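Worksheet for the structure shown next.
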Amino acid sequence: MTPNLHLWLIPLLPLIGAAINGFFGRRSSRPAITTVALVFSGAAFATALWVASQFSSLTPPYHPEILASWIRSGTFRVDFSFYLDQLSLVMLLIVTGVGFLIHIYSVGYMWEDAGFYRFFAYLNLFMFFMLTLVLASNYLLMFIGWEGVGLASYLLIGFWFPKASAASAGKKAFIVNRIGDFGFLIALFLIIKHFGSLDFMQVFGSVAPFVRAGNEGVLTAIGILLMVGACGKSAQIPLYIWLPDAMEGPTPVSALIHAATMVTAGVYMVSRSHVIFEHAPIALTVVAIIGTLTALFAATIGVTQTDIKKVLAYSTVSQLGYMFLGCGVGAFSAGIFHLMTHAFFKGLLFLAAGSVIHAVGGEQDMGQMGGLRTKIPWTFWTMTMGTIAIAGIPPFAGFFSKDEILWQASRVSLVYWGIGIFTAFLTSLYMFRLWFLTFFGEYRGTAERSDGHDAHGGHGDSSHTEHGHGGIHESPKVMLVPLVILAILSIVGGWVGINNRFEKFLSPVFRPGMTAASLEETAAPKTSEMEDSRDHSTEMAFTIISVAASLLGFALAWFLYYRNPQMPQQVAASLGAFYTTVVHKYYVDEIYAAVFVKPLIDGSTQVLWHGVDQNVIDATLDGSADGALEASDVARHMQSGNIRSYAAWVAAGAAVVIGYMIWMGTR
Amino acid sequence: MISVHLVLFLIFGAVCVAGAINLLAQSHPINSALSLVVVMGALAVEYLLLGAEFVAAVQVIVYAGAIMVLFVFVIMLLNAGTEERTKGGSYVAMIVGIPGMLAGSALVAWVLLTHSGTKSVVAGALPGSPAQVAPLLFHEFLLPFEVTSILVLVAIMGAVVLASHPNSDPKKEKT
Amino acid sequence: MVPLPYYLILSGILFACGVTGFLIKRNIITIFISIELMLNGVNLSFVAFAAQWGKLSGQVFVFFVMVVAAAEAAVGLAIIIAVYRTRETLNVDQVNLLKL
Amino acid sequence: MGIGTFILVSVVKIAVALFVLLTAVAYTVWLERKVVGRIQNRWGPTRVGPFGLLQPAADGIKFLFKEDLTPPHVYKPLYIAAPVIAVVFALTSIAVIPVGNWVNVGHIYTPLQITDVNIGLLIVLGITSLGVYGIALSGWSSNNKYSLLGGLRASAQMISYEIALGLSLVGVLILSGSMSLREIVQAQSGHFLGFIPNWNIFRGGQFVAFFIYLMAAYAETNRIPFDLPEAETELVAGYHTEYSAMKFAMFFMAEYANMITVACLAALLFLGGWSGPVFGPDILQAILPVFWFALRIFIFLFIYIWVRGTLPRFRYDQLMSFGWKFLLPLAIANLVITALVVVLKG
């Protein structure tokens, strides 16, 4: 039988760390806090590695672990139970590994910050919830992790809550996530209603007969609602708006939560419930379309942004769009693959960007940077790796995963493929734009005026504090080491995908035969004969095309932002209205504010607050209170404090009682 | 002798009622107390007519001879004059209490006259001499007896505590 | 031969007089005396019922009532003395601090 | 015998008893004055009649014809009622006191006793306890601080000592197993050890009870050494300060009648009643017990007077603590022991 892996240890360790730091961190020294945080997150990582080493010995590769019974009502039961399969193993390694690296990085980055202990408590808490989400063996436990990471991200986005923008950004993220969670919850209710269980295996096992019973509509609804939840968490259209604002948080947070792990939870959830989607082709198509549109949309915005972190944020959104595209075309393994590589290089990019910001003393506007190549070589080179990787140039990680997704998309519909290619071009364009603007040309910033070496990342990142900073300098080792590791990973991370090893590894989870079948249902008939005939040649061709697109983007970026940097303004001017629209992110925030937020606030204020609450509820309450007051004001005169009146009442009562008893007796 | 019994009953019953009415009519508490003593004496005779001679004796000794003396004693101690007719007071007592009392007693009287049958008791129907009462009191009702003894003890202590000046000898006020 | 209801009615009259005294009297002591009157009325009915049912228990009950009345008188009069000491009056209408 | 004769005999007996009692009262006063006079080395009354034997009659006449004045501030109804109450209760208690065996007057066979009830003792106790009212009310109604103090003292004292008194009698009741005075006396008839009479004070070992009874009786009757209610030196005359003439005489009569009553009780309960050597013709056999009974009463009263002439007066707190802390526990102990003895003897 399979050995007991003690999966519960993995989430528990970060929780302990969070508890210790949260409760005792205020009074303990920074080294102590560092030790606790690193030890527990590292222990989680080590355990994950050990589990991975044990993984091959598991038969079957599905390893449930019921810890405690939670809800039992009738036949419906939910347990605190974890389980492990290839998918959750991958997620486990990503979360713990990248998380651990970012912990290390944060030590250096947050060292000067007042809320040092708080930061690590939150970070460990996030690890706990994320691992719970990943390891959960039923939807409800997963939902707990889902909400938990939302909480952690809220706390960390608003980490510098004295800053109004940070606080509001945190609230925005939380509220937008609520919308998605709402869809998720309804999906869960539907699942409970129709499957009577939330356990993955039971639900997935009973999906096929459920569909055969002709309930595909219900299943489609479930799928779409799940997708809504995923949109909220993974920042897809129409709920992506919170992610760019989330950049108010410290950069390591952006790297860990809003690039590597949390935002990919949606992808994980969709792929986890792939069975449902495979049986609900419409939902699957919705996923694909949303993913595609988001990828393109975000990429276009990313081109115009000047804030380095904003650029990365929109790039994250767009990459997530890729992942959903992959899932949407039934290539879940490709989506997960891209999730992994993206975790590597986007984490790297964010950390590097943090290092840059840290170097130039909290400046985030690329317009104020430039020529940093020589000043911060380590950051420069690692960031280069990340850029190439995301741009999708072989043999870097991004290439394999993105190419895989595009290939699978092309098998479903060339429209997806075309948009994907264009998005790839835009991706490399804005990434290299960022690269050039940051590291080449002459320095445009004003960091020299400040001196002193006290203000590090924390203050630097909170851009309102512009005080002392000693010139432009390389980040400390503790920040560089994770950069290097992640750089290496973003080079070699993709090689596991060569001739579909990764897909084969995940195949026990996403049964390819099943996928093919569902594809035959969904896609046009011609895709089915694509299978054999023009398989390899076309794949090569598409690969070449995508690489070309990436190189084209690089070239354009080089031409615009390195050869003649005044060119972009002219281009922008020529584009005119369209450009301004894009710069203002298509006014989506404004539209939402006008369409949803303002009516909601007005409605709440006028109708619910003044109308319902004050005029109905409060009125009822006050009215009843006044009525009681009046009544008791009448009744209180019975208690005159006069013995004789009391006696009078007693006598009257006695008369009543006697009369009653006589009546009863004579009846 | 039947008629004698009835006559005696009526006479002393009239004395009882007269005493009670006088109790109400008198405005001076000491007169009320004395009229209550009269009522008690007449009641003792009624008990005798019912044969409860021990009850009658105890009625005279304890009630008339001790408790009411205590009342008189307190009245003398406080030198309570005729009660002053304060205005205000309690109208409820008049508006609610008296009608309620009248209604209650009317109901009871109606029940007694209509539903209690016409059973009659002869003079000395139930000889309650000490010899007959004692076994009952000391066997069947032993526990209540002891409990009441404790009650009395507690009452005495409470009286001492309540009525004594902090700086005086409790005995004088206890009596 | 005296019909039992006569005794009961006599006791009822006494009780009613007691209640009335409680209601119309203003002097605490008089009110207390009225209570004793009520107790006496009850005692009479006890004895009468004892005679009717031929059970001496009724008479024994009278003793208990007397004992309780004695205790009550002791405590009650002590309270009256205390009240008089503090409030210098025996008028219950002026001893009405027990209101809201 | 028919109801008519019953009523007749009763009336006759009542009249005789009252006459005898009042006479006894009057001559107890005479006796007291004489004896105290001798104790104090005086002659006492000598002028009216031989040895002043007519002195009581003279006093009575004086009381009758003296002006009966009523002070202005008294509470009249009770001021008038109080002495009546006192004397009435004092005289009433004689009704159940037996003075001798059954006698045969003509063809009427009747006890020498107004009425024989089987709870006679309780009735006596009840009536004496009611006697408190007279004194208390007189003290209060005469609206005089001396009188009030006297009345308060009297009522407190009498209530306190009633308890010891009653408890001291319970032993006797246990021994004789009855509350009828006549039966109690009959229970004491005969001798033991050949010559010692069967009196409770000897046989029943009730001498402790007798002692208690003696003390309590003195207190009950407000006699020296317990005469604080009428302590001349402090309260002028106590509760009857404001009384004069016939009302005062009534208190006087009440006091001495009470003395005689307690004397009778002592004789009946402890000293074997009228038992004694009886001989001679029927008439003598009828009279002798009464004589023996009167003799006992005389001795008892003599002790009364003797004590008065001898002992000083208690202080009030001494009186109270004596009653509550000494007599009462002693009486209870006597009661318990007697009960135990009776139970053990079976």
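Read from first to last, the chains carry the letters A, B, C and D; within each, the first residue is number 1.
Keep in mind that, in the parts below, a residue touches a chain if its C-beta (ideal position, glycine included) is under 8 Å from a C-beta of that chain, and two chains touch if they have at least 3 such contacts.
Being a predicted model, the structure only gives us computed values, none of them experimental.
Of the two chain pairs considered here, A-B and A-C, the higher C-beta contact count falls to A-B.
If each chain is reduced to the average of its C-alpha atoms, the one that sits nearest the average of all protein C-alpha atoms is C.
Centre-to-centre separation between chain C and chain D, using Cα means, comes to 33 Å. Taking each chain's centre as the mean of its C-alpha atoms, chain A lies 89 Å from chain B. Taking each chain's centre as the mean of its C-alpha atoms, chain A lies 111 Å from chain D. If you average the Cα atoms of chain A and of chain C, the two centres end up 83 Å apart. Residue positions of chain B with contacts to 2 or more other chains are 54, 58, 66, 70, 75, 77, 89-90, 93-94, 97-98, 101, 108.
Chain D has no residue in contact with two or more other chains. Counting partner chains per residue, chain A has residues 640, 642, 644, 647-648, 651 touching two or more of them. Chain pairs that touch one another are A-B, A-C, B-C, B-D.
Those residues of chain C whose C-beta lies close enough to touch chain B in the complex are 1-10, 12-21, 23-27, 29-30, 32-34, 36-37, 40, 43-44, 47-48, 50-52, 54, 56-57, 59-60, 62-64, 66-75, 77-82, 84, 90-91, 93-94.
Residues of chain A that touch chain B in their complex: 638, 640, 642, 644-645, 647-649, 651-656, 658-659, 662, 665-666.
Of all the residues in chain D, the ones that touch chain B in their complex are 77-78, 117-119, 122-123, 125-127, 129-130, 132-133, 136-137, 139-140, 148, 151-152, 155-156, 159-160, 162, 166, 179, 317, 320-321, 324. Every residue of chain A that touches chain C in the complex is listed here, in rising order: 636, 639-644, 647-648, 651. Here chain B touches chain C in the complex through residues 2, 5-6, 9, 13, 16-17, 20-21, 23-24, 29, 32-33, 36, 39-40, 43, 46-47, 49-52, 54-55, 58-59, 62-63, 66-68, 70-71, 74-75, 77-78, 80, 83-86, 88-90, 93-94, 97-98, 101-102, 105, 108-109, 112-113, 116-122, 125-126, 128, 132-133, 136-137, 140-141, 144, 148, 151-152, 154-156, 158-163, 173-174, going by the rule given at the top.
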